[in-house]
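Report on the following structure.
Naming follows writing order (A, B, C and D), and every chain is counted from residue 1.
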Amino acid sequence: MGSTYGENIRLTIFGQSHSPAIGMTLEGIPAGEKVDFEALEAFLKRRAPGQNAYSTARKEADKPEFLCGFTENVTCGTPITAIIRNTDTRSQDYENLKTVPRPGHADYTANVKYNGYQDAAGGGHFSGRLTAPLCIAGGICKQLLMKEGIRVIARIAAIGGVKDQGELTEAVTGKDFPVMDDIQGAKMQERIAEAKADGDSVGGIIDCAVLGLPAGIGDPMFSGMENRIAKIVFGIPAVKGLEFGEGFRAAEMLGSENNDRFTVADGAVKTETNHCGGILGGITNGMPVAFAVAIKPTPSIAKPQQSVDLSTMEVTELVIKGRHDPCIVPRAVPVVEAAAAIAVYDALLARRKETGR
Amino acid sequence: MGSTYGENIRLTIFGQSHSPAIGMTLEGIPAGEKVDFEALEAFLKRRAPGQNAYSTARKEADKPEFLCGFTENVTCGTPITAIIRNTDTRSQDYENLKTVPRPGHADYTANVKYNGYQDAAGGGHFSGRLTAPLCIAGGICKQLLMKEGIRVIARIAAIGGVKDQGELTEAVTGKDFPVMDDIQGAKMQERIAEAKADGDSVGGIIDCAVLGLPAGIGDPMFSGMENRIAKIVFGIPAVKGLEFGEGFRAAEMLGSENNDRFTVADGAVKTETNHCGGILGGITNGMPVAFAVAIKPTPSIAKPQQSVDLSTMEVTELVIKGRHDPCIVPRAVPVVEAAAAIAVYDALLARRKETGR
Amino acid sequence: MGSTYGENIRLTIFGQSHSPAIGMTLEGIPAGEKVDFEALEAFLKRRAPGQNAYSTARKEADKPEFLCGFTENVTCGTPITAIIRNTDTRSQDYENLKTVPRPGHADYTANVKYNGYQDAAGGGHFSGRLTAPLCIAGGICKQLLMKEGIRVIARIAAIGGVKDQGELTEAVTGKDFPVMDDIQGAKMQERIAEAKADGDSVGGIIDCAVLGLPAGIGDPMFSGMENRIAKIVFGIPAVKGLEFGEGFRAAEMLGSENNDRFTVADGAVKTETNHCGGILGGITNGMPVAFAVAIKPTPSIAKPQQSVDLSTMEVTELVIKGRHDPCIVPRAVPVVEAAAAIAVYDALLARRKETGR
Amino acid sequence: MGSTYGENIRLTIFGQSHSPAIGMTLEGIPAGEKVDFEALEAFLKRRAPGQNAYSTARKEADKPEFLCGFTENVTCGTPITAIIRNTDTRSQDYENLKTVPRPGHADYTANVKYNGYQDAAGGGHFSGRLTAPLCIAGGICKQLLMKEGIRVIARIAAIGGVKDQGELTEAVTGKDFPVMDDIQGAKMQERIAEAKADGDSVGGIIDCAVLGLPAGIGDPMFSGMENRIAKIVFGIPAVKGLEFGEGFRAAEMLGSENNDRFTVADGAVKTETNHCGGILGGITNGMPVAFAVAIKPTPSIAKPQQSVDLSTMEVTELVIKGRHDPCIVPRAVPVVEAAAAIAVYDALLARRKETGR
């Protein structure tokens, strides 16, 4: 039962890559919130496939149909459900996967877990396609956060070892290839093109920041902002690492270097640096919440790979058909933003219980 | 409400550093499980302070009193509660913290969140001392896992930039300073001694592995093994990063390098490498579950630090009194093991719903 | 966030009476379970409107479309979502309800809760129509229970003061008007006809029994079988009372009368009577789980009623248009069965964590 | 895992009748709330045994020790834990219960559920003694509600068929034997004395009302006020029935009788009657929330009873030793108040997420 997230809102994601539809239900959004559906579709388009050289050729509009939760475009307080029909499916591409699992994918582990009854076509419920409903929920949460002056931004920090330069700022917003330094961005795209030409794939790192979040958001121990973000971010396929602020670099620093000095600016408590990524004791300190996510290279590659035929228990060579991204990092950027927005909005509602009367 | 963890067991941790007691309640452990209390105390001792040069001089037996949940030393199926009395407290050491927050600690964020009503003494509920009840729960879960042939091991992978050498194996078990290469361990201890002499502190990295876990454990999306481990591990104070298998290194690899080839060994499906850290699609694949945790340097240091007096909103210099670890990494090793054991045992119970009849 | 139920399965119900669709998502059903969709539709038909004199004339096929969760008709382990399109809606019938709430309905309370943003048409999310998705989930659970020899049956115990005679047995199954004594059933139908002719409505009582449930199901305190059944049954609109076994009659009995004597039959522990309704300490004792539910008379009646115009805060007379059941008790019988099946199946999965290995 | 309650606060109850201690943890109470511990102890005393002719002679102070969650007597925002030591235990009274279950108790069902490993002494976790920690949590919530003008009151509505007269009002507060009509109260006490003299026991009904609760509290479907109250109230041992407003009487009424007419009083929407018990669609309408609870006669009676020896599977006669209440209804009155206060306070916090900013 892993397809549900949230303590104060509750998001449920359903669907398989090749089932009639995929979708999401989002409970707990207060009544009376206007949603800009055009802006939402523009956000979803950032994740949609088929738009450029480095994403899969599978073409689907990813246009959500909202089944309930609104009167016109205003929330009515009850669960919001939206679905996306699966149309451009080619299940025949996946016929061999039921018995020969793809390395790096969930085919084998799903086979064990579901005792052979898994829906293997296109990765089933484990497909990256299921990040589309995550983006519906996240897109709504982003809009609600924006009304309170909270912005979620993200960029490609690295692809295949090529690193972006400079700090993440809102200047990245609206870019097709979201990096701060476009020259580095061009190199990253070359890196992807090389891997594609080679029948291979590359991974990368995404930086995300939440700006404008007040201090005091998050709970101690297992519902700190780190825990909340981690629980949703590791739900994005291919994420294998997560760090806040200096993260793994902090392990090499002295306390005197890593501690952020408190100061006063504009009458408010601030820190001079932000090594802690805006979170102390699981609770926001008013500085930007900053984290980085490691994305592994797309496991689906054109090169033949060694696998095992589960029906015969013999080692075999697998050639993966179907259409795949040589690098999913660019399309994962809005997904990371969506995940962050959901986690932050949920924590904000938790905070209202303490402050609202 | 962050002090509770678990979907199939439910762990609640309570207490403040200087309240009469701290403790934990653990629900959902099946009846009829014998617990070896001596072994449990030996496990707790690995975390206890006051044992060597690199830990705080605060001396407390950390001996748990079990209030319920057992008949003799066998679980009776209902909630298990254990408490540890706080005895060696010196609240006067913390008198200045209510208005002058320590950099790197939760003092300021707790002040905002709790509107000035936080228990500031010793860090309150945010104190590292609260990892003692986590270890009670984790020590019990470790014993239960052991009965099913599942072992949780961990080592110090790095301190202040000094790295351990070699792969993590069970040979590390029982070592006072748990590293594979004792020469590197000696260097790490020097590094700690230097920092201490300098009134400073250092951080580090802990590697953890879960051995003997069958394939098929974990749920898709937000309750995958990564999400489960992340939700509890980020509840350990000072953890700022987490990666599974190759983690951030995977971001620089090609798909053909990072994918683990399936093979057959002893009649079972295995992978030739374990870049994925034993988890695909959130579900175990039968290889060791392997992850690394970044621990920031202890924020409490002897050096004077810049902070803000919240009562006057003026920048001030803070000198932290009290007794503190120049490096908490060694004491955090059993805590990481405890966290992993709890997460894994919870996921194992989830699995029983699918397979048991 | 009340539209979700379950600890070991998770049911989410979404939709409004006049939104594009209503539906449900059911998580946690193990993979490999075959569902008989024809039998499921036959079950749903028992609840569907427009079939006889005592139900609303609103005609809708209530045919669910399954969007995911299956490969063919076998569960694949991931969330099951089904929707029902709303087709025969007449929102114009409800135009006056946004400002003049219907007595006995949720119109006024929803208006307060959602600050005027509620979907008032047809009762929105509070409509009895939302019991259709409950029956989809319940119908699936009934089939899964049946495979383990567990049957859920229910009957009309009383309508408008006319009582059924005799004990509830499986002989009631398949009856159009589910009573044990058809003569009493005919009187009940007369009672409904009278109320209808009078522009009024009547309530009643439904008896439900779960047969074949082994001893040992349920948890102490707040997750006992009574609590579990209560939490879902009070989610059925119009339910205002619930009792187990003798229920309110036990309040007038002596301990020596009410206690069920233990005995041995067929080598198993049984009780000679079943005053406790098959539950002791929240846990099943192997006798039938038996409970009764009080259903209030349909609040929508043809007679003019006194209400308040919320836009002017003046008392006014309300005439309810639309099509309504003079008695919802007959259609509520399968809904109560569905609710019981969901609660019992959820508790059964909880039990597996204790017994399965 | 049934010993936890709450969505926005989280109450966990732990302990067995004869374990070293029993207690509770309450999470989610906002920081800065002053608790009057003397008033709390006075409230607990209403439930405590050994005070009069109709309660058990077991004498325990039931004085809670607070382990954490406060600085002085003000909440600090983190979990509150209180324990009560078990002192006056006589386990030898219960030696025969492990193999010969008491009729009407959880002995047999606990034996099955926990596979023989249950703590049988004094009923273990199923003992009525565990309502003491429920009253600690409920007493705190009552105080917090009182600050917002919300009062929870309850009375004995009937014992052994003898009924109280008149409507429940706050005049009942402070009475030793809480009935509106003391003459009826005297008859009830006679009824209890008769049963006691006869080695028997009697049950009864408790009425509870929550006054001053604003409209708009509660959520649709499974988290309506009825569901929330039901989930906790059925956690009180011996409760077998629950009804709201007219409850089972509504099943015999016409819609035109049962519907409460809306009117305007003091500029606010009110209803002329309160047949619905203050709840429509699961949400409060601003009238008193009113419910009644059926309590079965104490199952422990002095008369010999038929049971089964589980070690031999032979029918046997059981004589229950130990000290027991001939009627638990009087002591259950504050327990029902506590349960209602917890459920209402939890729902109030949920409401803050919608209204607070």
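Just so it is clear, a residue touches a chain if its C-beta (ideal position, glycine included) is under 8 Å from a C-beta of that chain, and two chains touch if they have at least 3 such contacts.
As the structure is a computational prediction, the values presented were derived from the model and not from experiment.
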Neighbouring chains shared between chain A and chain D, ordered by label: B, C
Chain pair, B-D or C-D, that carries the greater number of C-beta contacts: C-D
Distance between the centres, which are taken as Cα means, of chain D and chain C, whole angstrom: 26
Whole-Å separation of chain centres (CA-atom averages), chain B against chain C: 46
Chain B-chain D separation of Cα centroids, rounded to whole Å: 39
Numbers and ranges of chain C residues touching at least 2 other chains: 1, 3-4, 8, 13, 28, 31, 77-78, 110, 113, 115, 125, 220, 350, 354
Contact set on chain B toward chain C in their complex: 8, 28, 30-31, 77-78, 220, 349-350, 352-357
Touch list for chain D against partner chain B, complex: 1, 3-4, 8-10, 12-16, 19-23, 25, 27-28, 31-32, 65-71, 74-81, 83, 110, 113-119, 124-125
List of chain B residues in touch with chain A within their complex: 1-5, 7, 13, 101, 103-106, 108-110, 112-113, 115, 125-126, 130, 158, 160-161, 195, 200-205, 215-216, 218-224, 226-227, 230-232, 234-235, 237, 239-248, 250-264, 267, 269, 271-272, 276-277, 279-286, 294-301, 303, 305-308, 310, 313-315, 350-351, 354
